[in-house]
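Take a look at the structures listed below.
The two complexes that follow have chain A in common; it is paired with chain B in the first and with chain C in the second.
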Partner chain A sequence: MKEVIVHPKRCVGCMQCMPACATAHSRTRHLVSAVLETPQPKPRVHVGAGRFNEGFPNRCRHCDPAPCQLTCLTGAIYRHAGTQTVMIDPDRCINCASCAMACPYGVIRFHEDPLGPPGRAVAVKCDNCVARVAEGQIPACVEACKVGALTYEERDTAMKRQTLAVARSMSSGAGEPVLPPGVGLLRTMKESQVQLLKG
Partner chain B sequence: MFDPEHSLSVTQDADRLYAKAREDGIETVWERHTAQQPQCGFCDMGLSCRICVMGPCRVDPFGEGPQRGVCGADADIIVARNLCRMIAAGAASHSDHGRDLVEVLAGVADGTAKGYKIRDEAKLKKLAAEYGITTDGEDVLVLAGELAEAMMEDYGMRRRAINLVARAPQKRRELWDRVGLTPRGIDRETSEMMHRTHMGVDNDWQSLLLQGMRNALSDGWGGSMIATEVSDILFGVPTPRVTSVNAGVLKKDQVNIVVHGHNPVVSEMVSQACTAPELLALAKEKGAQGINLVGLCCTGNELLMRRGIAMAGNHLMTELILSTGAVDMMIVDYQCIMPSVGQAATCYHTKMISTSDKARFPHMEHHEFHPDNAEAKAMQVVRTAVENFVNRGRVFIPVEPREAMGGFSVEAILGALGGTPAPLVEAVKAGKIRGAVGIVGCNNPKIKHDYGHVTLTRRLVENDILVVDTGCVSVANAKAGYKMPEAAEMAGPGLKEICRALGIPPVLHLGSCVDNVRILVLLSALADALGVDISDLPVAGSAPEWYSEKAVTIAVYFVASGVTTHLGPMPPITGSMNVVNLLTSGLNDVVGATFAVEPDPEKAAVFLRQHIEDKRRALGLDARRV
Partner chain C sequence: MKYVILGNGIAGVCAAEAIRTLDLEGEIVMVGDETFLPYSRPMISYVLDGSEPHDKLPIRPADFYESMKIKPVLGQRAVSLDVENRRVQLADSTCIDYDRLLIATGADPRPLRAAHMDLGGIFYLRTESHVRQQVAALSTARRALVLGGGLVGLKAAYALLKRGLEVTLLITSGYPLSLQVDEIAGKMVLDELLRRGLKVLVGRSVRAFEGNGVVRAAVTDTGSRLPCDMVIIAKGVLPSRDFIPRQHIHVDLGVVVDDHLQTSAAGIHAAGDVAESVDISRGCRWVNALWPEAAVQGRIAGLNMAGRPVVYPGSMSRNVLRVYDLDVLTLGHANPGPEEGCRIVWSGGPGKGRYRSLVLKDDILVGAVLVNQVEQGGVLCALMENRVPLRLSTSRLMAPDFNFACLLP
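Coming up: the complex of A and B.
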């Protein structure tokens, strides 16, 4: 089964996954019209800044067991059988925020949502784009990510690739896997700047 | 990212006013910078392209995603095109500022620019002679008209070379001709740059960057140089004078008017109006002791250089200064005026006035100044400022002002040296002065406010390197106390001796950011005195806290003129190591100078000292180990 995998070192902080996610969870599914909808669709993936202002795409891990699901007294949070995705039924959600308190990653938001009941806020989070996947598309955040920070693949495939990269770096004389020189250069400069600001 | 645990400036007034601004609920540049994190890596590396609508495109710097835009442009082409468009924008800005001055000069000649006049006939005649205009017995106004016409030609396409290029040393001019860098027209090079970066035109990253250099030179030896020279003709050649700096220049008991922006066309008229007897009488009537005009940013530098008008602060001080509650009016023209200042002013009684037909801002009243109405407009807005004095609320002026000396035009420097650069050349030859660095440019919230400027200046001066500065740097160094003759004490022994003998500070204020051209003129005089090219001189440039497109253009015309230049923040070019390598080393073979990037001013100081000692060695002078 394919799933969304995050590769934090690759994130360049462009935030393109965010509008792509919001658009995918709008009624019109097009960026230009989505921004005109009421209520406004909102992203379910959130890019934060690390210590050196590097980006990190924070999204639901679809934990198992899921702390949010365990705390949900109304049973609004359930697991989608086919994809193992943790889902929220907006019609059963009572906006009590217990799930957000239990979530270790802070990925649940509360707002009126184009795909939820009208006129009231509900808990909203990543649904792995089940609707898109059912139509044969990949999750919107992965489609938007051009640097490989978000991939949609079998967990085993990703792990094997990582194993291979580590194994190669362990070969004699190979050293650490190197970043492309321009990426490394910019990171060094930004790290130096941030250190100086704190100095 | 801004961390409230740590101070955001090396200056006391900034820290205190920042606290006041936050208390008053004002959002500043630092909050907005934090909110923008993480900033887009594609853009930061120059790898995003919005030039056409087959796109927008971006190239994956990790090599797996797309490697070409829809048109087929690779990372090298995209990075070069983006950088070149920054150069074009910077050149356009400074050169358009110059154009406004030429229009005033033409207006003085035909009598339409009331209130303006020729203040320095000698400079007018000198410029006219450089333009090949016969000056014998010509009426001054006729001469002014002919010079304005000739300068307008420099903006066009009728010349093989811009006139003032002739000021460069012969070797440099020959090099430019050989490499194809001689700028032909001010607007022409900017237009051609925009043309070449259109989809499907110049797709060789190297030839794009060569045109980028020619475009920058069209500003440095063209538009910016015209801006400075015509300002001198209209408002006077600066001479050294003592003034005061920092937020303490605002006065509790006076009407405080702040001019912010760049062009002296507006601020000079405001300055004149502030001395009008009827407005001074009105100020008294309103309970104020007088009208206190102070500057911010470069238009402040223009007034400081020529009139000794006090300076309230540089780029990152422009929002904070409002939180004193003591500003009765801020008058802006254009460039570097954050669109946020009008909003910040709504917390206070401050009246915000925009004056340029090309620059409008939210929450400002628009009073358009033109050469024919500027005198009357200035009287009108200053009257409004005086009337606003009675509306003041709580006033917080956080520090006492500090004295600083400014006004070092090339003419003034040569004057102090007895009319020739020879004494300076001798001091360099003798090793008392190791060399000189022009520290220029802006502030940037990515660098602690003024830390880059002041730290680098301190390290250079104490190692016997003369510093000349302009723009935001000059305000930082003035606030840090480097601009008084007593500051010679902070210099190394050789530089100290020279400064004491001449009665000058170790850091000379050459003016606003268009006045960086004064550095080019001074370097040409030094190179001619030594019979060498500019690139042979033991000198360098630096922009430790730069942020703007104009700064890119300045840095490029410095390098293309033979001055190796350090940059604090990294320009958006790391997406192409070809471009990085050309700019940081390959250019040496083309123009005899390169860029160097280093955010840490301590490390930059070591690099610059090393560079200067290397140049000394090549000239056969003594060289120190760094």
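Coming up: the complex of A and C.
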């Protein structure tokens, strides 16, 4: 089964995934019309700034067992049987924010959502784009990411690639593993900038 | 193997489900006082405020017992427990034998001792049946009195305000939520409620009620008379453990459990509001009567009962209160006494629309209060549960843009 895999070191913090996600979770599903919708569709992936101001695309890990699911006061959080995706049923959610205390990644937000009940705030988070995937598309954040910080693939494939990269970097004569040169440069610049400001 | 589970609240339900993941054949008997389907207890205050209908309370399907192959024995309480002969006795004198027992009897409202408690219109807020009666009484109620400034008291007061009643909240301590939050956050909650028309009386308790069949007034310890036609008592809860023989099972405030949620008697586990486990942030035994703890404890107790040893890491207090435009999230030991040697750092406060307070013991985060912007509460909670020494400065932890990425190397 394919899933979204995050490669944090590659993220350049461009935030393209955010509007793509919001659009995918809008009523009209087109960027131009989505921005005109009320309530405004909101992203479910959140690019946060790390200690060196580097980007990090933070999204639901669909943990198993999922702490938010165990915590939910109303049984609104469940696991989608086919895809193992952790889902929130907006019609059962009472917007109590108990799940906010349970999520160690801080990825759940509370607001009125175009796909939820009208006029009521509910808990909202990544649903692995189940609707898009059912239509044969890939998750919107992956489609939008131009630097490969988000990929959609079998976990095994990604692990093998990573193991190979590490193995290569360990063998004699190899340099640092596989960051695209631009990305590496950008990160180094950000880090030194922050160090300078601090110093 | 015969499992008997006392209590069909969330702890009992999660335990039964966990047992069934490992043991499809064993007999499971579930004894419960309430006959309603397993339901969301915290949701009853939403039924009281009118935002959710009563029929949305159940959290399991109507065929729950059947599909899990559980024999339900509902509508009565266990009244005694014979540890030596592994037998439970029910109110109607029937006896049930067990091989493994789970005590998941939860908690009951702490009773109020006052004269004329039998008058109509005086309620506790703990069960779906309580809320059903309260909703029925709303049509004739105009003036309500809520006793207790804890979470349930505030939720009740908020619900009745939303229903358009005139509400007076009586609290014995100096500010609401004094057990959960510090004075600054308590004051922010109070201000918000006062702004919305709540009347609050501090340092006062009720000694008697007056009325003719139904309540008409409450008399306080200072002798003043408060007219009211509805009263909700919310003075906290007490673990339901009267039937437990203390010579066989170690009972403190709650039933004391070890790190596998077993009581001091072999083959008997306890979980949920009735259990007293080690509190991670306080470092001592504590009853954390909370839904998430009850669910997790039930699950882990069930796995242990079915023969798979699973360690319970300990409990931690945590709660969110949302009233009108204010969100209050508390974690761990959020309001320590001065003698406990904790360092407290805070920012924001009343008028700022945002407040943060962090409690540290050495370099470990042991408590936190967040007022508004509570989305990152879980990240702090994970730091506390895992007792990770802080690498980040506290100002960074309190900053509005704090997020998970800040913790990455």
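Here is the rule we use: the second predicted complex is superposed on the first by the 189 of 199 C-alpha atoms of A that agree within 3 Å, B and C clash if a C-alpha of one lies under 4 Å from a C-alpha of the other, contacts with A are read in each partner's own complex, and residues count from 1 in each chain.
The rule we apply is simple: contacts are C-beta pairs under 8 Å (C-beta built on N, C-alpha and C of every residue); 3 or more make two chains touch, one makes a residue touch a chain.
Just so it is clear, the structure is predicted and the values come from calculations on it, not from any experiment.
Q: In the superposed arrangement, does A:70 touch chain B (first), chain C (second), both or neither?
A: second
Q: Contact-wise, after the overlay, does A:146 reach chain B, chain C, both or neither (first, second, both, neither)?
A: Only chain B is touched by A:146; chain C is not.
Q: Which partner does A:50 contact after superposing on A: first (chain B), second (chain C), both, neither?
A: In the superposition, A:50 contacts both chain B and chain C.
Q: Can A:97 be said to touch chain B (first), chain C (second), both, or neither?
A: In the superposed model, A:97 contacts chain C only, not chain B.
Q: According to the stated criteria, A:82 is in contact with first (chain B), second (chain C), both, or neither; which is it?
A: Neither chain B nor chain C is touched by A:82.
Q: Is A:12 touching the first partner chain B, the second partner chain C, both, or neither of them?
A: first
Q: Quick check on my understanding: which residues of chain A belong to both its chain B contact set and its chain C contact set?
A: Residues common to the chain A contacts of chain C and of chain B are 48-50, 54-56, listed in rising order.
Q: Quick one: which bits of chain B touch chain A in the complex? Just the residue numbers, please.
A: Against chain A, the touching part of chain B is residues 1-3, 6, 8, 37-45, 48, 58, 60-66, 446-448, 451, 569-570, 574-577, 580, 597-600.
Q: Where on chain A does chain C make contact in their complex?
A: 8, 46, 48-51, 54-56, 58, 67, 70-71, 73-75, 92, 94-110
Q: Can you check the complex and tell me which residues of chain A touch chain B?
A: Listed in rising order, the residues are 10-15, 47-50, 53-56, 146-148, 180-183, 185-186, 189-190, 192-194, 196-199.
Q: Help me check something: in the complex, which residues belonging to chain C touch chain A?
A: Chain C residues touching chain A: 14, 40, 42-43, 46, 51-52, 56, 59-60, 291-292, 295-296, 299, 318-320, 322, 327, 329, 331, 374-379, 381-382, 392, 401, 403-406, 408.
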